Each structure stands twice: as structure tokens, then as C-alpha cells.
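Look for subunit A in each of the two complexes below; its partner is subunit B in the first and subunit C in the second.
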Partner chain A sequence: MKVKAFIQSNTIFLLLILAFIVSAIFVPHFTSSYNLKNFLLQSTDLLLIATGLTFIVLNGGIDFSVTSVLALGSVVGAYIMALSPLSATPVIAIPVAVIVMIAIGGTVGAVNGVAVTILKIPSFIATLSTQLIFSGLAILFTKKVASRTSIFGLPESFFVLGGEGKAFLVPIIIALFFSALAYWILEYTRFGRHILSIGTNPKASFISGVPVKRVIFTLCLLSGLYAGIASVVLTARNQAGISSMGDSMFISIIASIVIGGTSILGGSGGFKQTLLGVLFITLINNVMNLMGIPWFITMIVQGLMILFAALSDFIIKSRKSFFQAVS
Partner chain B sequence: MKDLLTIKDVEKSFSGVTVLRNININLAEGEILGIVGENGAGKSTLMNVLGGVYIKNKGSMTLDGEDYNPLTPKEAKDNGIAFIHQELSLFSNLSIAENMFIEDFPKKKIGGINFKSIVRSSDEYLRNYGLDIDPKEKVENLPMGTRQVVEIIKSLMMNAKIIIFDEPTTSLSKPEKEKLFETIRGLKRKGVSVLFISHIIEDVLTLCNRIAVLRDGGLVGTLNTEDANQNEIVRMMVGRELSKVYPEIEKEIHEDPVLEVTGFNQGQTLKDVSLSIRKGEIIGLYGIIGAGRTELAKAIFGVDHIDSGTVRVNGHLIDSLSPQTCIEKGMAFVTEDRRIEGLLMSKPVRNNITLIKINDILNRLGVINRHVEKEFSDKMVDSLKIKVSDADIQPMLNLSGGNQQKVVFGKWVINQPDIFILDEPTRGVDVGAKFEIYSIIGQMAKDGSGILFISSEMEELIGVCDRILVMKKGRISGEVVRKDFEQETIGNLAL
Partner chain C sequence: MKKLIVILTLVLLAGMAFANGDSDADDEMIHIGLSMDSLESAFWVANYDAMVAEAEKQGVKMTSIMAEGDAVKQNQQIENLIASGVDVIICAPKDGAAIATSVKKAQDAGIPMIMNNRPVQGDIVPALTVLSDNQVMAYDVLTWFAKKAVSEGKTYKTILLIGNLADENAAERQKGHEAAMVEYPQVFDVVSRIPTEWNHEIALKGLQNALQANPDVNLVITPSDFLYPPIKSSLESAGKWAKIGEPNHVAIVSFDGDGVGMQMLKDGYSEADAAQDATGTGVICVDWAIKLANGESPSEVLFKDAGIIVTVDNWDEKASLVWGYADVK
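Right after this comes the complex of A and B.
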């Protein structure tokens, strides 16, 4: 009985370990230090951005615009560091760029927040629109300043944030720190309690005096800020500002959250789950890459995994509500 | 009369905990059998075993002389057992006719539903039961009582031999209730058997031929209604003599008003409503369904917007009315529907109890002091006698109705409010828990709170309140003070 309960509540953790062992045995080069390093670095930006989005999902909403923050942050940051007048003095350009990139995330988050709480547009529609708008802006901006789709020539000291050379622990520590911060917020603060209570029952929360609008606005802001930080790390790792950055990433982000076990219906899940989900998805992508499996097959596998994870969540929830109805 | 259904030595347990044991009940053809018991006594579980939702662990059941072991609700339905739930299972956005045929729509040759035919046959069925309504009417436009009758007709249409009613009278007005009873007696005459689950002992005594009493998962006994009386049934249900229905609490009513509501207007629902509650006073708010009582409560608490009106707490005007400002000023609101508006059903008891209080147990960073939180929640669980195995992990879903309601009270009482707005606080709660809830209310008043007590049960208002206001069509139609309390006076003001 206890073993069964343990397996049920730690499914993703056990799957991750299993997948790791299987990969270590069967996939050539998987355990090479180069690959393991690469694997960890690949998971950093995914962890940051998925953590930000988990805030929103816990609340029962969605934020498509996170990938547009990656792109816009990346090109604007790269412009400041490589092309703007500031670029001559990297000591100033780098901190300014980092702050601007995170602020772009905050701005997009605030726009989403206003759209959802004041204009009362469902987050699905609001963030779908802002995703398109800011992704488009990223391309427009790059074309104007560089007449290309990417901006190169960033100062080398900036690459430390992406884990270049000996600094490979830097982005890992950044990502783990912000993941732990999110965990702490959810578990130990009133704000965290409010997120879960709104995600479970917004009406009862409102009547109990929970500042529903303020909480939702703050969540949008947080999601944007986390995407902004992810944009810094990812730009540093790619050593370029790329206007299409994050284009195909959304599926991996959602997959990490859902496979981790956070309910897409809101109210249950958390950041530990998202961390495990991120590692799992990165592992699958990494292994498929090593084995030379074409990207479209990876797509199919990811699709199936999301479907399976979501299905098990819905089955558990619907069974619960069924018993609720009859008992 | 021969027995239609026999339940013999039935036992049911969930993960090692026995919730039903040694149940022996038989039901004759055309008999109305009442099933009473406190919340958690096992009534619903027994009915779910009958209805194929749960599968029994031991014992046997026979239906019409044959072994009966339903594995799914559908199997039970096919065997002629219909279940009318507390929350009706009609689709309110569809018409009556669509609802009646939803399980098996007659199709036209080229596909598509033959609407003409379902409207025609529905009309016939409705007429047979003396309902003069258009089958094309949407269910959401029907009063509760009519919806119930529609559901009954639907189950008869499917040749039900036994109809199980689960607390059917809780949301009905008095005339609606009488009409329902008449319909059930009609079923009896047609040879249909009825299992009637209820908290309201009076109803059971009026309607049923025999009464089975359950307690703690076991059958205490079965009585013939002629030999039964209220006191005896209550004693069997709770296992002790309940001498008093209402607690006697010595309290003092002060002069100064704690809550003043003036000139409330809201569309067609509230018209120029004013009231004032003094410190220590319990005011009842009576009226028929649709009179605007719940709407008034929600408007005072800032849940819904008003066109005009003001609220003063202890003489201070509340600027912008919202649940948040009301709570800050010391108000509390126990909502009518605890599942939808009161509780986080999938969350543990503790998170629910401390949802509001949490504001007082934070450090400057907004971090919850879990130690203090646990102390507060344990204290509430103790003092309100909430039955829970582990308040930290057990979700609300697993608690009985009475205990859920106590948690709703707990989350407000913990905040020691000056004003308590209670909307049907004893609905779906058993006798024992009712007494406890009246005691909580009395204690709050004794401690100096003002209480607005909304109820459709006039008796409890008469038993508990100092003053009763009556609402009718969005207006306060009258006020009766304690010494003039009389059912007729109050009832006339409401109609």
C-alpha cells in the first residue's frame, strides 16, 4: 500500500531516474561530461520560463506571451550591447542590457495583467494577442537596427551568464535560485496561499476577501519577469540576439509544467513538479538529439507525452468530481 | 404486499474503514420508506450501493426475487432504480422535452433529432402528471419544485420501479413541498416504491409508511410511522435524548447599532431596503424564495454591486463596498452554497479555516507563521467539534455536510467579527449539528456581535432570533418582535 502511494505521488521523479539510467546505458555519449553539461545548460532557460508560467497555470490561467518576451528581450538587449552607443563600454552596457531585458518582461507582463484584470479579457485571448504583437515587434526592431534577423558581436564577458567555459555553473545557480524563490513564495507566503485558493475556487476566494485582481495582476507580472530573466540567460548562451528566439519553445514549456503534474485547471501542483518536468523534457530532447532522431519525431513524442500527462490529470479530477456528485 | 427489494447483511468499507455494516432493510411494492440519520450515518453510501455507484463488500440484495448486484449506475437504472439527487441532474440550459429524452433521442430518418415527436410525447407525460407547462420551456426558467417533478416524470418514463429521493425538500417552498408529497403519494398508488432520505423528521412522519433509522453506518431500527414520534426518532438518530432543539443563551442587547444599512436599491431585486442591527442582537430575515434575501446579503457584503445605498459599521461609513473592505471592518458572510461560494473543496481543512485569519499571522515579508496557523486551526477544529482525521491533509470533499458547514463557520468565527451575515446556515445539516450551529450563533451574539440570520425555516428563526424581518419582492414587508412571534403573522407578511 505504501509503495503504491509512493509511486503515485512521485511518478515523475521515478520516471526521470528511470529515463536517466536507461539513457546512460543505451545512448552513446550521453554520460560524456560535454553532454551532461550541455543537458544542464539546456534546462536552465526552460526552467526559468516554465517556473514563471507555472505561477499563472496554478491560478487557472495561461500566458502565451512568454516566448515573445524571449525574442524581444534578446534583440533589444543585444542591440544595447553590440550596436548602441553604450556598446563601447561593456561595463555599463551589460548591466543596462540585463535590466532592460528583465524590464521588457515586466512590461509585457503588466500589459497582460491590465488586459486580464481591468479589461477582463480571458488570459487565453489576451496573451495570444500580446504574443503576436511582441514577437512581431522583435522582428521589426531587428530589421530596423540591424537589417537582419539576428544581432551578433556581443561582449564576451556577457557570455558568463550563459555558462560559457568555466562559468557553466552560473546560469544553473541563477535558474535554481529563482525556482527555489518561486517554491518559497508558494509554500510559505500569504501570496502563495492566495494563488492556490483562487486557482481552486475564485468565487469563494473573492468572498473571503482575497484581492483576486491584485493577485492575478502580480502573477502576470511575475511570469513576464521570469521570461525576462530567461531571455538574459538564453541570449548569453546563444551569444546573439535572435528575433525568432523561443519560437518553438512553448510546447516544451507547457510539456514541462503538465508532465510535472501541475493541473492545467489550476489549484494544484507546484514548482518542484515543474523542476522535475523541465529535467524530464530536456532529457528526452537531449537523448533524441544524440540519437539523431529527426525533430519531427521529437514533436510527435512530446505531443504524446503531454496528452498522456493531461489525460491522467483529467481522469483523476473527473473521477473526483464524479464522487463529489454522488456522495 | 410482497417485498420488491430486500437488502440483507450488506457491508461496505473504504480503505479499511467500515462505513456500512449489517444493513437489513426490505421495501414492499408501493411502499414509501423513510431513511433518516445524521450526516455521516451512511444514508448516502447505502443509496450509492443500491444505485450501482459503489459496490458492496458483503451481503446480498434481491430485486423482484432475483439477485441484484449493480456494478454501474446504468445497470441500476436498467433494473428500474431511479435516483433523484439533492442537486438535480437536469440540464438547465436545455428544454424540458430535451431533458426528458436526452438519454435516447428519437432520430429522424436522415439523422438529427426528431424534435416534434419529443415535444409531443413530453407534453403528454407532463399533462398526465397535472403539469400545465410548455415542454419547450428551458429548465432554468422553472421553479425548483417543478424541476423536481420533471425529474420524477423522467424516471417514470424509464419504467422506474423504485425511486430514491435524496433530501428532496431542502430547496422547496412549503406549497411546493406539499405538491411533491402529493406526487409521491400518487407514485405509491401506481405501485412504485419510494425510498425517501431526509433530515427533516416532520416530512418523513407525514409522508412515509415506515421509517428506517441509521446511525454510524448501522441500522438502529425500523419503525412503523403510526408507532413513531419525533422524539423517539431523534433519540435513535443521535443515540441520546435531545431535550432542547434551541440552546438557551443569556445575552444582552446593547443600544448602539453595529450595522446600519440604508436605502439599498439594486435593479428589480432590491427596493429601498434599510435595516439596522444592534450589538448582541440576532435578526431573522424571512421570505419566500425569490424575495431578495440572498441578494440583499450579497449586496451588503459587497459581492454584488448596488445602484444606491450605504452601509455603516459601528457608525463608520464603508466607502467602497467589497468583501475585502467588509472583512476589514469586521463583517463575516456565511454563504448559502458552501461548495460554490464558501469552501476550497479540494484543499485541506486547515487551508480553509485560516484563509481569512492568515492576514494576522504574517511577518513583514508576508510569510505565514505556520506554527501559529496550526494553533489557530486546531483550536477551531476543537471548539467547533469538527470531525476530521487530519486537518492538514484531509480535503473538504471527504467531510460530511455538517462538518463542512462548521468549517465555513470556523473560517469566519476565528476572525471574531462584529457582524455575522448567515445565509441558510443550517441547510443540509443534521439535527445534532444544527443545535451546535445555533449555539455558535448564540455565543457570537453573547460576545457582542450583531447577527443577520437568513432562513427559509420559520421555526428556527422563531427559536433563535430577537426580531424577524420579512422580505417580499425585494422590499422589507414587515418586522415582528419576539413577543409577537407567530407563524401566521410572519407567513402572511411573506406572501
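Right after this comes the complex of A and C.
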């Protein structure tokens, strides 16, 4: 029984290990140092942004605007480093750009927080709106300053944050640090307990004295800040400010969270699960590319995995509520 | 339900084990990695199909990946192609600036890269860039139209559609169109320039607004046959979708030479189309990929295809040479 319980509670972890072993044996070039480095680097930005979004999902909400933070942060940061008067002195331009990129994430998060907590707009609508607004601003800004949709010519020293050359551990350390920080917040602070409690039952939480509005506002802020940090890493990795950055990334972000095992209905899951989900999704994409599997098959597989993961979550929750009602 | 995820994953893993598969024969083959932005228009579909067919014909292995219009995803996919040990990469980039990092990584790994129909921005020079001569073709097709207008003593209230600012081809076509219009100011009176982002919705709204504000428009210049649906729809709404010679006809000068563009020319809705060679450039990319894999180097790193200017006047002579002609009914 103990083995069964272990398998049930660590399904994704075991599947990940199994997938890794099978890939190592059967997929050509999978274990090359170049590919393993790629695999880890490709996980970093997804881990950062999915971790930020996990805060919101645990709480029963959603934040579509994270991809617009990637885009807006990327082009504004790139402008500061490549086109603004500060660009002549990279020593100043790089830290200023990094701070501004993260601050953009915080600002978008704060706007979402106000919309959800004060204006009482559902997070689905509020963040969908801000996603459109800030994505549009990213394109507008780039057109104004560069007459294009991307900005290049960034200082080479900035690329260290994206893992260029021998510095490939830098973004991995950044991503793991912020993932661990999120884990600590959730597991070891009162704020973390409040997140799960609101995700499970917001009304009961409010009655029992949980500062619901303040917690939700802080979660929006955290989601935005994590997206801002992801924007720094992703811009450094792509060596350009790209106004369409993150356009098709949301599906991978949600897939990582859901496949990891965090409930999209809130109240259960965590950052360990998101880390596993990120590694799993990145592994699947990496392996499918290495094997030359047509892109439409990759899309179908990803879609099926999200569908089954979400379906399992719904069914487990429905069963629980049914048995609770019966008892 | 967790069982379902497990089953799906196990099926996938089993598939990996069975499909793994570089056989010894595959190992000896030249392996080309093909990275496409998307298959959003008939041009790219024909270009992609031509490359796949040519690779098959020449007996080389081709792995194709699709970025679905995402520059970041394209860079990640190319990293995976490099890791998979391809000999050459052919790339139709989403964004000429953002792709520069991939070109550099491929070069560092000793893998030559061929840019297919979109150039890379910045200082990095790929092994070969195969392009249509967009600016010259756009200039030529509009100059032909202008000369005809001068000879007939006609003037045109003009709407100029523009592609995507991130797409160097779109910028080049706009330059060509603008140059011809500057040369013939007596013919063209540009009442609206509409950036479309290669998006039908944006193009349609822009056209509807422009036609509302300027009901006497009698020429639309488009940088791609891809934009025919919104052009047709907006002109129909304005009661101006008519053939050459009919009242209310609005002249259309287009670019690409796909099946729709050729059909419009044949049916008398359009006056001219600058036809790119979608299949020919695809074949050239694959040919050169094989040569590069065999250690050859091109004498020039930029190949520009002159294209074919097809007009209502030379239809019988030129149309059949265009790749989109096969779809004409």
C-alpha cells in the first residue's frame, strides 16, 4: 500500500524520471552536453513565469497578462540598453533596464490587483484586458522608438543573464532561487496558508479573518514581478527586445502548472509541482524536436496532456465534493 | 483519471522508443533542419511543400519545425535542431532581428544556416540568404501600372497596404511601391497608408475606414495576395468590387503570384501581380543546403530572385510560368 500511495502522490515525478531515462536511451543526442544545457536553459524562463502564475492559480484565479509583461518589459528594457541615451554606458544601462523590466511586471500586477480587489472585476476578465492593453503598448512603443517590432544591439554583458557562453548557470540559479523562494512563502509563512485557504473557500477565509483583498492584491503583484524577472532572462537569452514575446507561451505556462498537479480550481498544488510540470513540458518539446516529430503531432500531444490533466483534476474534485455531500 | 495521464505518457514513451530512430542509413544521410515561421499564406505553403518535396527527391533527411509566429519559440526550436546534429539549417524567420542569436549559435556549432525568403538583421552574415528581390519587383510592377496610366491619361486615388514592420520583405516592398509613386506623382494620389501586420482583420478595418473616408478611391496596392480576402470584402461592401471596364472598378496591383492573385488577374479584377518564385526559392534553399553540407560555398552570400511581373497585357505569355497558375480555374 505504501508503494501505491507513493506512486499516486508522485506520479509526475516518476513519469519525468521515466521519460528522462527513456529519452537518454532512445533519443539520439539527448544526453549531449549541448542538449542538456539547452534543456535546462529552456526551462528557466518557463519556470519563472509559471511560478508567478502558480500563486494566482492556487488562489483560484488566473492571470493572462503575464505574457504581456514579457513583451513590454522586453522592449522597454531593450530600448534602455540599445537606443536610449543611457545605452552609451552599459554599466548603468543594464541595471537600470533590469530594474525597469521588473518594475513593469510589478506595475501590471498592481493594476490587476486593483482591478480584481477594488473594482471587483473577475481575474479572468481583468487580466485578459490588461494582457491586450500591455501587449498593444509593447508593439506601439517599439514602433515609436525603433520603427520595427523588435530592438537589437543590446550590450553583450547583458547576455550573461540569459546564460550566454560559460555563464549558462546564471539563469538556472536565478530561476531556482525564485522558485525556492515561492516554495518557502507557500509552505512556511502565514501568507502561504492564506493563499491556499482563499483558494479552497474564500468566504470561509474572510469570515475567519483572512485579509482576502490584501492577499489577492499581493498575489497579483507577485505574479507580475515574476513575469518581469522572466522578461529579463528571456530578453537576455534572445538578445533582442521582442514585442511579440510570449505571444504563444501561455499554453505552455498553463500546461506546466496543470500537468504538474496544481488544481486550476485553486486550493491545492504548489511550486514543487510547477517545477516538475515545467521540466516535463520542456522535456516533451525538446525530445519531439530532437526526434523530428512533426510540429502538429507535438501540438496534439501537448493538448491531450493538458486535457487529461485538467479532466483528472475536475473528476477528483467532483468525487470529493460528492462524498463530502453524501457523508 | 491519473491513470489516463500515465497511459498517455507511457504510449508517448513507447512511441519514442520505437520511433527513435536514426538507422545506420539515416546516419549517413545529409540531415537538413527546416525552421518555418508559420504557414499563414499560400506562398509559404508552396515554399514549404517545395522544400519537403525537393529533399525527398534528392534523398536527404529533413526535420521541419514550426514556430507558429513566435520568434522566441523559433529560437528555442533552432537550439533543439542544433542539438539534434543537423548538417544545415534552412530558416524562414519570424523576426529578422530576433533570429540573429540563432544564426550565431548555429555558426558557433559549425552548422551553416540559409535564410529562406526573409533576411537576418544586424551584423551577422548567414551562409546564404535566398530572397525575392522585393523592392525591385514592387517598383517594377507599379511602374508598369504608372506608365499604362500615363499613356491612358488616368490618375488614381490610392490606398497603399503595408505588411508587418518586423518583416524586412514588407519594408522592402513598401520602399519599392513608394519609389514608383514618387516617380509618377501625376498618377498616384495616396489617400491612405494602412499597416496590416499581415492580419486580415486589421487590413479589413483599415480598408473599410479608408473607403468610408475616401469613396472615390480607384486603386489599391497590396504587398501580398494574402490580403485579397479583406480587399474583396471591403470593396464589395463599398459597392466597388467590379471587373476592369465595369463602372466602379477599383484597380488592384498585388504581389506574390499565388493562386488567388492569378485568379484575380485572369478574372479581370486585378491589373498586375509581381510574382515571387515560391517553389523555385525553396528548391534553391534545399540545393544549397546539400552543397553546403558537402563542403561547397556559394560565391555570393545573397541570392535574389527577380520574380515575374504578370499583367493583364502579358497574361498569355507569362502567367503559366508563375507557381500560383496551377490553381487557376
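Rule of thumb we're sticking to: the second predicted complex is superposed on the first by the 327 of 327 C-alpha atoms of A that agree within 3 Å, B and C clash if a C-alpha of one lies under 4 Å from a C-alpha of the other, contacts with A are read in each partner's own complex, and residues count from 1 in each chain.
Going forward, contacts are C-beta pairs under 8 Å (C-beta built on N, C-alpha and C of every residue); 3 or more make two chains touch, one makes a residue touch a chain.
All figures in this text were calculated on a predicted structure; none of them were measured in a lab.
Undergrad: Could you tell me whether subunit B and subunit C fit or clash when both sit on subunit A in the superposition?
TA: Subunit B/subunit C on subunit A - fit side by side.
Undergrad: For A:N10 in the superposed arrangement: first (subunit B), second (subunit C), both or neither?
TA: neither
Undergrad: First (subunit B), second (subunit C), both or neither: which does A:S84 touch?
TA: neither
Undergrad: State whether A:S157 touches subunit B only (first), subunit C only (second), both chains, or neither.
TA: neither
Undergrad: Among the partners subunit B and subunit C, which is in contact with a greater number of residues of subunit A?
TA: Between subunit B and subunit C, C touches the greater number of residues in subunit A.
Undergrad: How wide is the angle at the Cα centre of subunit A, looking out to the Cα centres of subunit B and subunit C, in steps of 10 degrees?
TA: After fitting both complexes on chain A, the angle is 130 degrees.
Undergrad: Which partner chains sit in contact with A:K143 here, subunit B, subunit C, both or neither? Use first/second/both/neither.
TA: second
Undergrad: Classify the contacts of A:S129 with the two partner chains as first (subunit B alone), second (subunit C alone), both, or neither.
TA: neither
Undergrad: Taking the superposition as given, does A:N201 touch the first partner, subunit B, the second, subunit C, both, or neither?
TA: First partner only.
Undergrad: Determine the nearest approach in Å between the Cα atoms of subunit B and those of subunit C after overlaying the two structures.
TA: 19
Undergrad: Under the stated contact criterion, what part of subunit C meets subunit A in this complex?
TA: 1-2, 4-6, 8-9, 12-13, 16-17, 19-22, 61, 63-66, 68-73, 75-77, 79-85, 94-95, 97-98, 100-101, 109, 121-122, 164-166
Undergrad: Flag every residue of subunit A that touches subunit C in the complex, lowest number first.
TA: Residues in contact with subunit C: 8, 11, 15, 18-19, 22-23, 25-29, 32, 34-35, 38, 41-42, 143, 147-153, 234, 237-240, 242-249, 259, 284-287, 289-296, 301, 304-305, 308-309, 311-312, 315-316.
Undergrad: Going by the contact rule set out above, which residues of subunit A touch subunit B in the complex?
TA: By the definition above, subunit A touches subunit B via 188-191, 193, 196-197, 200-201, 203-211, 267-268, 320, 323-327.
Undergrad: Using the touch definition up top, name the residues of subunit B that touch subunit A in the complex.
TA: 44-45, 48, 51, 53, 85, 87, 301, 303, 323-324, 326-328, 333, 335, 340-347, 351, 355-356, 358-359, 362, 365-368, 370, 397, 411
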